[in-house]
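Each of the next two complexes has chain A plus one other chain: chain B in the first, chain C in the second.
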Partner chain A sequence: MTNSIPEFETDSNCFLIIGSNTSEGHPLIATRVLRAKQRGAKVIVLDPRKNQIGHWADVFYTFRPGSDVALFNGLLNIIITEGLADQAFIAERTENFEEMKALVAEFPAERVADLTGVPVEGLYTVARLYATQKPAAILYAMGITQHTTGVDNVKSVANLAMLTGNLGIPGGGVNPLRGQNNVQGSCDMGGLPNVFPGYQPVTNPETIAKFSKAWSSSLPTPNSPLSNKIGLTVTEMISAAGEGKIRALYVMAENPMLSEADINHTRHCLEKTEFLIVQDIFLTETAQLAHVVLPGASFAEKDGTFTNSDRRVQRVRRAVRPVGDSWPDWEIICHLAGKMGAGGFDFVSPQAVMAEVAQLTPSYGGITYERLEELGGLQWPCPTTEHPGTPYLHKNRFSRGLGHFFAVPFKEPAELPDQDYPFTLTTGRIMFHYHTGTMTRRSKKLDSEARQAYLELHPDDAQKIGLNGSRRVRVSSRRGQIELNVRVTERIKPGVVFIPFHFAEAAANVLTNLAIDPIAKIPEFKVCAVRVEALSGTEHRGGTDHRSGESERRTRRDE
Partner chain B sequence: MSERLTALRETIRQILPQVDGVIGLKTGPAGIVAPYLFKPGHPEMLDSLALWPKEPVPDTLKIIQKAYPNARLAIVCRGCEERGVVEMFKHAQVSLENLTLIGLQCVQEEALFCRCAKPYTVHARVTVGSPIAGVPDPLTEAFAAKSQAEKLAFWKEQFQHCIKCYGCRNICPQCFCNVCALEDEKWVETGRLPLPNPSLYHIIRAMHMTAKCVACRECEETCPAGIPLAIHFRLVARDVKEMFHYETGAVIEQKPPQLLTLEEGDYERSGLP
Partner chain C sequence: MEYHNVLTTCPYCGTGCALHLQVLDHQLVGVLPAKNHPISQGGLCIKGWNAHAFVNHKDRLQTPLVRKGGKLVTATWDEALALIAEKLSALKAESGPDSIGVFASAKCTNEENYLIQKFARAVIGTNNVDHCARL
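Here is the complex of A and B:
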């Protein structure tokens, strides 16, 4: 996030929420938005479904999944033609404005309304409100990124924020809401194929020299330089393993057997992997395929830090001893490195690891356990131990100098509905489960809230497929098929269906398309074409679908 | 505030040698305030004694008494927390034996924050600060003045914000049933957000708090959706006072009207099989 979560409550005067089911995915951020609304801030929500935050919104529209770039180009065009752009910001802080302007001129509101399904007057309402209620924050999540045009979507979001001068100020910004408590920290620490910790590129010779020197004792031959080759992303690795290009895969705290697109393909790839190691706190669907399982420790059993969505580094403290044979992840890694004969892994504590992080990572340079103890948290960049941390980025200057407007052409999703697969499937999350359910589906209370997957279907579509009171459907795509219960609801756009992806026994990702974004390599989880067929028999008498599934639950529980 | 803090610290320091521990609030790392058990051997911990923000300390008392039933304890409690301890005693959740109540009187600023009608203790023999009069609750009064239709629309809107986190129930010192109706699928629909309208979730809470709610406002303070929950609990309490002449926390010996207590021989006299 360019900005900070507390600023939403105190500074933001407008929120444009797109591709984020905020109150279910990030309830405490939604709370800040609600409190801001109570003091008069405006809330705009755009989503293929009327999610809960949509109920709070001042302005809400559904739009066709995958039409995001057209939508943004339309909004950019309206703001420019209505004279609502921040001319001073554009002149002083940005470049390439004319090229972007020329492209978005091809997106008059009428065309955008056709492409997105948002009415013309709706586009004007959204554009005017966002452009005039400064500071305005854009909040987004996987609804923006999980597309073959994910990078284009993010560039479009940045265009909108720059056009209105909503960057470098408190309460504004481009704010991707990160899904996991420490996914930001994991990226910060170089958990990406192209960078060292702190986003220092592996292709930079100076960076290579710096890390080669610091880590010389871990290298096979002392003083040999580290590799400057960009590696593979998760999705590419799995396919590469299936093709035999990767022989061993070490999966830590990830459950690709449920979270990857096209799970049948994922299973094929993982089964072909010669050596699969999985490190997790439970025996996940992926761990069940592993040759070796290393039991990790949960958050309550270890010391360390988490870095949350707004770049805030905070301490986590051990409350109980690791259960059974489990170890904290850092100890497993250091032990393994020792067994492999590598030096430099003889850390005595997470604090010692953090000291090295500060030494080698300029943006973490001033973050120490002592300061975290005193202050509770620090937001990077925090280069020195005197630095107070950075609540919002890009004040006065972007990291590259000028902000670059991209002219982003509109591309349709990789797979559109057709005669054989007439519905657009979009996947997502629900309040009561977290990601692949590794933890939450083992919680009795959360399990009783939501025991099964379901399909959201518009009443018109229910009639079209001849549901006739049945509650069970088969959903098929070109990749596979699942059977599940149906919820008929007007909250979803006609022609679009939704499945939460948490449930292994009716996994939405059996259906999803492995088409990936050319740059970020993220699969298109949010759009694929499916067929929905009614199955006979009424599985359940009520609208809620929790009454069966006893046997399913028993087999799932491995404790 | 600081005068009160100094006075409270001195009071605890004097009581500390006579008990096994004193439950109060302490400032921890990064200024975070949490309930803490001050122990006789460590009076220096009182340097970090804190007054605010308040926490549901009656629950802390319950946890400690459950683990150490014979412990001699003292507890720093505000008016609402004293009422909480008294009501929990009536429902056999805590013991008043071996317990010293240290009454902490709220100041005007705190009373206004909580919209509190009784910001003072009435049972504690040891007290710190001077009692002040209650303040009105403008939110509850504004709600009470609404028409029936407006009231319905108000709650309908508010309950749309609920994310069903159970925070209001979990923080409530008076919510202690072993089996909770809110988790019974017969009464409360599962797996749905926003809650269907109507939903019994908040209605059950309101009914189950009848003659139990002590107006501590912990539920409202903890609610991540900002729902002004105290409004309905306070109006229910008003009805209970009028209809049953019962006020929570007021008289230790008075039994709550919804508690049916059988005396010896009652059963035989009842004529039941």
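Here is the complex of A and C:
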């Protein structure tokens, strides 16, 4: 995020929320947005579903999944032609404006309305409101990134913010909301195939030299340099394992069996993996396939730090000892490295690890446990121990100098509905569960709120498929099929269906498409083509509405 | 009876709310919001209020497991780690470091993510390290 969460309440005068089910995915951020609305800020929500925040919005439109780039180009074009662009900002802080302008000129409102399903007057309303109510914050989540055009979508978001001068100011910026607690931190720490901690590229010879020196005691021989070859992403590693090119996988606290697109493919690949190590707190779907399972500790049983969406590094503190003979994950890694004969892993505590991180990672240079104890949290970049941290980014300049406008052509999603698979499936989260449900589905209260997967279907479509009061459907794609209950609702756009992905027994990712963005390598979770067929008979296990979980409570796991 | 609260960070979404874990005789018994926290300001969502609930679930893994004769059976740490060290070293010698892949985790701490990528890059010798940020 370029802004801080508190700025939403105090500074932002307009929110453009797109591809984020904020009230369910990030409830306490939604609270800030609604408080800002009370003092007069405008809220615009664009989403394939009328989610809860959509109900509260001043302006809400549904749009066709996967048409994001067309939508943004249309908005950019209107803002330019109406003279609402921030000329001073464009002149001083950006480059390549003309090229972008020429491309978006090919997106007049009428064409964009056809491509996206947002009416012409709606496009004008959104563009005018966003461009005139400064500072304006764009909030987005996986609805923007989980596409074959994910990177294009993100570039489009940046174009819109730069065009209106909404960067480098409190309350105005570009804010990807992170779904998992420490996605930000995992990226910051170099849990990525192309960068060391602090986004230092593995292809940069100076960086290689720096880390080779710092980590020399861990290397097989002190002078052997680190690899400068960009590694594989999760999705690529899984496929490579299926082809025998990757022979061993060490999976720490992830559950790709549920979270990856196209589960049947993932299962096939993991089953073929010669040596699979899974370190987790539960025997997840992935761990069940492992050759060795290592019991890690939960957040309550270890010390450390998490970094949230607004780049805030905060403490995690041990409250109880790990259950049974489980170990904190940091200790497991250190022991394993030691067993393999490597030095450089003799840390006595996470605090000592953070001291090494700070030495090697400029943006974390000033982060110490002592300061976190005193200040509660620190937002990076925080280069020195005197630095107060950085609430919002790009104040006087972008990290690369000038902000670059991209001319982004529109591409359709990899799989479009057709005669055989006439519906567009989009997936997402619900309020009561988290990611693959490993933790939340084992929490009595959360489990009782929502116990089963379901499909959201528009009433017109229910009629079309001849649902006739039945509550069960079979959903199939080119990759697999699942059966689940159905919720008929006007929240969803006709022609589009939605399934939350938390539930193993009717896993949405059996259906999703593994087509990936060529740069970010994110699978296209948010768009694939499916067929929906009504099944006769009703599901007697009871309601799927999360407020009617009562009848199911007796039939399922009861602890 | 011994009771205390431990201030920590919510393990669920990326908002980063703070919460107090309530500990009674070395057991987690509940969650309290953190009043002065800049993000959560004394509030929590239903997931945060239940952040303690899975920690003592009976399904928690308590010991290492090793697959023998097709089944996962209980093993000691020494046994499990020795097996992994031996296997990874052998595969690395045979097919090179890039025949091994490592998944970091968006659920683990910064320190753990730092260590696992250091392990992949320095000890194994590969940049095949990624996590489910994209998923």
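Throughout what follows, the second predicted complex is superposed on the first by the 539 of 559 C-alpha atoms of A that agree within 3 Å, B and C clash if a C-alpha of one lies under 4 Å from a C-alpha of the other, contacts with A are read in each partner's own complex, and residues count from 1 in each chain.
Note that a contact is a pair of C-beta atoms (placed from the backbone, for glycine too) under 8 Å apart; a residue touches a chain by one contact, two chains touch by 3 or more.
This one's a predicted model, so the numbers in the text were calculated from it and none came from an experiment.
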item	value
Which of chain B and chain C A:181 touches, first, second, both or neither	second
Partner chain(s) touched by A:379 [first = chain B, second = chain C, both, neither]	neither
Partner chain in contact with A:256 - chain B first, chain C second, else both or neither	second
Touched partner set for A:55, first chain B, second chain C, both or neither	first
Comparing the two partners chain B and chain C, which touches a greater set of residues in chain A	C
Touched partner set for A:28, first chain B, second chain C, both or neither	both
Which superposed partner A:38 touches (first chain B, second chain C, both, neither)	first
Residues of chain A at both interfaces, chain B in one complex, chain C in the other	27-28, 31, 315, 376-377, 431-432, 445, 449
Of all residues in chain A, those that touch chain B in their complex	23-24, 27-28, 30-31, 34-35, 38, 52, 55-56, 315, 372-377, 430-432, 445, 448-451, 544-547
Chain A partner contacts - residues on chain C that touch it in the complex	6-18, 21, 23, 26-28, 37-40, 43-47, 49-67, 72, 75, 77, 80-85, 87-89, 91, 95, 97-123, 125-135
Chain A contact footprint on chain B (complex, rising order)	29-32, 160-161, 163-166, 183, 185, 189-194, 224-226
